[in-house]
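The same chain A turns up in both complexes below, where it pairs with chain B and then with chain C.
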Partner chain A sequence: MNTDIYITGTGQTPFGEHWDMGLRELMDSAIDSAIKDAGISVLDIDLVIVANMLAERTSDQAHLGAMASSLLPHQPPALRVESACASGAMALHTACGMLESGKVETVLVVGVEKMTDADTGAIASGLMGAADSELDSPSGITFPGIFGLIANRYMYEHSLSRERLSAVSAKHHSNAMANPFAQFRMEVSPEAVTSSTTVAEPLCMLDCSPISDGAAACILSTKHQSSLKIAASQIASDTVSITQRESITGFKATKQAAAKAFAEAAIHRNDIAHLEIHDCFSIAAIINLEDLGYAAPGTGVKLYENPGKQTINASGGLKACGHPVAATGVKQIIDIGKQLKASGKRYGLAHNFGGACATCGIHILEHTAV
Partner chain B sequence: MNTDIYITGTGQTPFGEHWDMGLRELMDSAIDSAIKDAGISVLDIDLVIVANMLAERTSDQAHLGAMASSLLPHQPPALRVESACASGAMALHTACGMLESGKVETVLVVGVEKMTDADTGAIASGLMGAADSELDSPSGITFPGIFGLIANRYMYEHSLSRERLSAVSAKHHSNAMANPFAQFRMEVSPEAVTSSTTVAEPLCMLDCSPISDGAAACILSTKHQSSLKIAASQIASDTVSITQRESITGFKATKQAAAKAFAEAAIHRNDIAHLEIHDCFSIAAIINLEDLGYAAPGTGVKLYENPGKQTINASGGLKACGHPVAATGVKQIIDIGKQLKASGKRYGLAHNFGGACATCGIHILEHTAV
Partner chain C sequence: MTSPAFTSRYQKEVHRKMQKGNIVSFTTVAHPAEGFGSAPLTIGLLELEDGTRAMGQLIHSTSQDLQIGLQVCPRMRLTRTTAQGLRIYDVGYEVLVGKPVEQETLKEFPGYILALTGPSGVGKSTISRSLVTMFSDYVTASPIVTTREPKDGDDGEYTYVTEEAFIKMRKDEEIIAATQIPSKDEKRWYGYRATDLEAIWKNESIPVVITEQNLLQELSNHYSRRSILSCGLLPPGKSKRAMLSQLLSRLRTRGRDNEQSIADRMRNAEEDLDFFTNRSELFDHFLVNEDLETVIETIKGHVLKTKTV
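== the complex of A and B ==
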């Protein structure tokens, strides 16, 4: 980074079903927690960046930047960033850029999604906006189907069995037991994953992240210091449609963003102690670990069988925490920060992608009070 | 600005009805024109920022950053910015911040909207996403109604007659005669405005900007120079709902953004030669001129009766050029650039707002080859 950017305060709602809260209340709750955590004056916030994907469809609400701004007494300038399920990371990346520009000193990033008011069909078609509406959607496929195709191809190329794949969600559920903000705090055995209802072969219900409401907020500042710094913020793109890819068992955008992020932080991947990776579907977690360089192609599942040096989705990940789409990327940062403070380790990495990784955002956090 | 940011190239589609073009084709056409105009290698583009408001509703397509990126051979990082009808200016503002950060050297901003495929009701309800879905929309009001209320109040406070208001659209239509990209290149008399169908009293059909398809692209660079620089890029927010305002006959966000923009450019408003202002409805143009300081409250219409030093919407404005929502803010920059090059004058100002000016973005351009 050209500038020291500190994570001054964070806050989130529990992820799950919030029947008594709309977009405004969810944002307000997370923002309030973040401001209290930061211990700064709300008037120090120079800019608000809202991450959101679905509100125009599920809540008839665009213009969430201005809506979030109005939750603050001084109504600071505000905008919304959207890059499908990577919206959270892209909002953080935008915030880093604005801070590095010197135009602002303190930025509030809030990711929010209100999904449970809509029926499953409406959510599935809304989420298909992350794919290509001309090249993908007309086939009738939805995202479980897209990742079902990816899983099928991966299992064929690498002889991964259905049973071994089940280790992923089982581990994430087990991790979530310790996270009070997780939507599903319950142990799930690998056998239960394998025997859960088939959603899109070979993926079963317990391979899939759920539909969730939630908000997560993060205050980034060049003015107010803390023990957590952004060591790298990098993004990359790929084709929106998987039909235009050379391979669907590895994601180019993750590889590119990771290479740039490790270079920016000037560290090796082995310096990372904690990983939060985008496990929208179990197969994605395995591919992500390989794309990030923690496992050779075809071997990512081994890190769930014999844990390596890095913790993986200690929060519970998207599967067990829930996946209020645009809140996820912000919540990953919150969790990496907590993990670093708890372990006393120095570096953690948050990996957030949109669609079938047509957009990837990676942030490396540095805990300086080691 | 902390850094010299040059407008290296621009391009746009005609605004209007493009039955044979979707979002991808519209973006591709504008991007292609901008790259050719810039005369740079496409590979120099480090980042793509897409401005869009409605695609999730009208085209089932989110994730437009990645889609635009895939139109370029090297698929650079990309994201989407949305702030209702101010999306274009907010994307430009974000681009300026990213350039000032030093993270990137050349940014492609493309605003796009595909509206004519949807029926008028769907567009009206989609646009209501720019208002407050809890405080405004349940009344059944749509944006012509919101600006009808504003016009009624303004006419009451300032004794503006319906006949005098009609000068605004008449002038914008006359201006559009010289703009090959305008949707409506035809003279419209003030009498024709007054006698056109009432949409939301006192506003008639010819007071309202139309439903349009279109895209506009702009390449901003710190690496490649040109005779056009960004002298100021400023944004401001206000409540999304007009029900929470002290006054609805002046817009706080415009006043704040304008004060910051004139300060950033270190010029007086009288140094501006050309204005492009956000005339989504005729009454808005009058209010904008007052908020920008070019007329005292209640007197904005006089600038249509006795032109001042600044040209106003010489392009034709939203009314006659068309208003493909998120493309408008980018297109304003293109037009100000053309006007400065044609007149040989030094400064021009683009004013773009969202909703009832809950978000305002102002850019001042400097033509350095004077």
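== the complex of A and C ==
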């Protein structure tokens, strides 16, 4: 990073079904918690960046930048970014760029998604916007279907059994027990995962992250210091359609963003203590661990069977915390921050991707005990 | 997206997807996307013959055991009807399983077929007849199976059958390439039988076929594109309009058709010319039929070159 960027304050709503809250209330709640946590004057916020993917489809609402700005007394300049499920990381990355340029000193990033107002069909077709409308959608496929294709191919190439795959969701649910912000705080056995309804062969319902409402906010500042710094912020892209890739069992964007992020932070991957990875579907978690270099291709599942040096999705991940699409990337930063403060360790990594990893955003956080 | 304009732009993609391939991965989606019905849908990621990949619905019977690596054949099928009632067709892929591999390889033509494609009046029949007469050692015209009435000008190139018989033969896969050429008063079917083509090759001769868009496409789907030496015949002329007027004058001179039939042919001819541009991958050579001798010599050159290879 070209300058020290501190995470001054964070806040989020619990993820879940918030029938009493719209986009405005969700953002307001998260922003309020973040400002309280930062303990700074709200007037110090120079810019608001909103991450959101689906508001036009689910709430007939665009123009979320101005809406978020109007929640603050001085109505600072505001903008909205979108890159499907990676919108959160993209908003953080945009904020880092603005802070590095020196144009602003304190930025409020808020990721928000309101998914339970729309019916599942509309949500499914909205989410397909993260795939290719000409190359993928005409087949009638849904996003679980795309990851069904990926999972089936992965299981074929690496002889991964359905039973072993179930360890992923079971572990995430178990982790979420300790997270008050998680949507599903309950133990789920691997057997229950395997025997849940098939959604897109070979993936079952409990392999898939749920539909959720939620918002997460984060105040980044070059002026107001804290014990948490952003050591790296990197993004990478790949083809939107998986039909244009040579391999679908590894994601190029993750590999590229990870290499750039480790270089930027000038650390080795083994220096990381906590990982929050994008487990929109169980198979994605396994592929992510391999792409990040923590496991050889075909062996990612072993880290769920025999934990390695890094904690993986200690928050519960997307599966158990819920996945209000654009809020996820911001929420991962909040969780890594909490985990570093609790463990006293130095580095944590948040990995957030959009679509079938057509966009990947990676942030490395550095914790220095004050 | 369901607007007619979107669907029309998307047709280009359909042409690319019209290839054989094999399954890279597949999944059955319990709840397909909106508009695709409520029944589970099996969708495959396919590696096509030209090396590109595509996603498409898989057509298979429930008794078939789907596997990665299996071969598929493209088939156009109705995939959905939009809320506005627009019926959308897309390429689906029929899974070729349950059939032994040997039977599949038989579908590959043992040699090659010389196909002449071009708009009506460009001289396909004349070139075919001349080739067959001049190089009878090398090439033989394959009989065209048709449902149309015999005409005076016919020269033994047709096998006449009834429409019912034609449709049955097509269903039984005796006829492996067929097309329906519309005219004002009737629908005429034309097609080629696998047995005719294969018999000519067994006789150590090269079958010559006269094709148009559908016949050429179906032949290359059936025997694979590699089995076809495909020549596109163009009328002389610098522009499409010049080419079309050249065709019109040829059709009038040869006097075989009445004005009504000429009008039908001209309508189809314009499409045929566009086909050359849109589907250039289906052709090996484009020849301008300025004078017969030159064209015959050129084709002879290509045929002999291939024959010696």
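Here is the rule we go by: the second predicted complex is superposed on the first by the 369 of 370 C-alpha atoms of A that agree within 3 Å, B and C clash if a C-alpha of one lies under 4 Å from a C-alpha of the other, contacts with A are read in each partner's own complex, and residues count from 1 in each chain.
What we mean here is this: contacts are C-beta pairs under 8 Å (C-beta built on N, C-alpha and C of every residue); 3 or more make two chains touch, one makes a residue touch a chain.
Treat the numbers as computed from the prediction; the structure is a model and nothing was measured.
By the touch criterion defined above, A:Ile230 reaches neither chain B nor chain C.
In the superposed pair of complexes, A:Gln244 makes contact with chain B and with chain C alike. Applying the stated contact rule after C-alpha superposition, one finds that A:Met128 touches each of chain B and chain C. Set against each other, chain B and chain C touch different numbers of residues in chain A, with B touching more. By the touch criterion defined above, A:Met98 reaches chain B but does not reach chain C. When the shared chain is aligned, chain C comes close enough to touch A:Arg153, but chain B does not. Of the two partner chains placed by the overlay, only chain B lies in contact with A:Leu79; chain C stays clear of it.
Looking at the shared chain after the overlay, A:Thr359 reaches chain B, while chain C stays out of its contact range. Look at A:Ser139: by the touch rule set out above, it reaches chain C but stays clear of chain B.
When both complexes are overlaid on chain A, the residue A:Val301 reaches neither chain B nor chain C. The intersection of chain A residues touching chain B with those touching chain C, taken from the two complexes, comprises 125, 128, 133-134, 137, 244. Considering their complex, residues 2, 22, 24, 48, 53-57, 59-63, 65-67, 69-70, 75-84, 90, 93-94, 96-103, 125-126, 128-134, 137, 235-240, 244, 354-355, 358-359 of chain B touch chain A. Looking at the complex, you find that chain A touches chain C at residues 120-122, 124-125, 128, 133-142, 144-145, 148-153, 156, 197-203, 241-245, 248. Residues 1, 10, 13, 24-36, 41, 43-45, 52-57, 68, 79-80, 88, 90 of chain C are the ones touching chain A in the complex.
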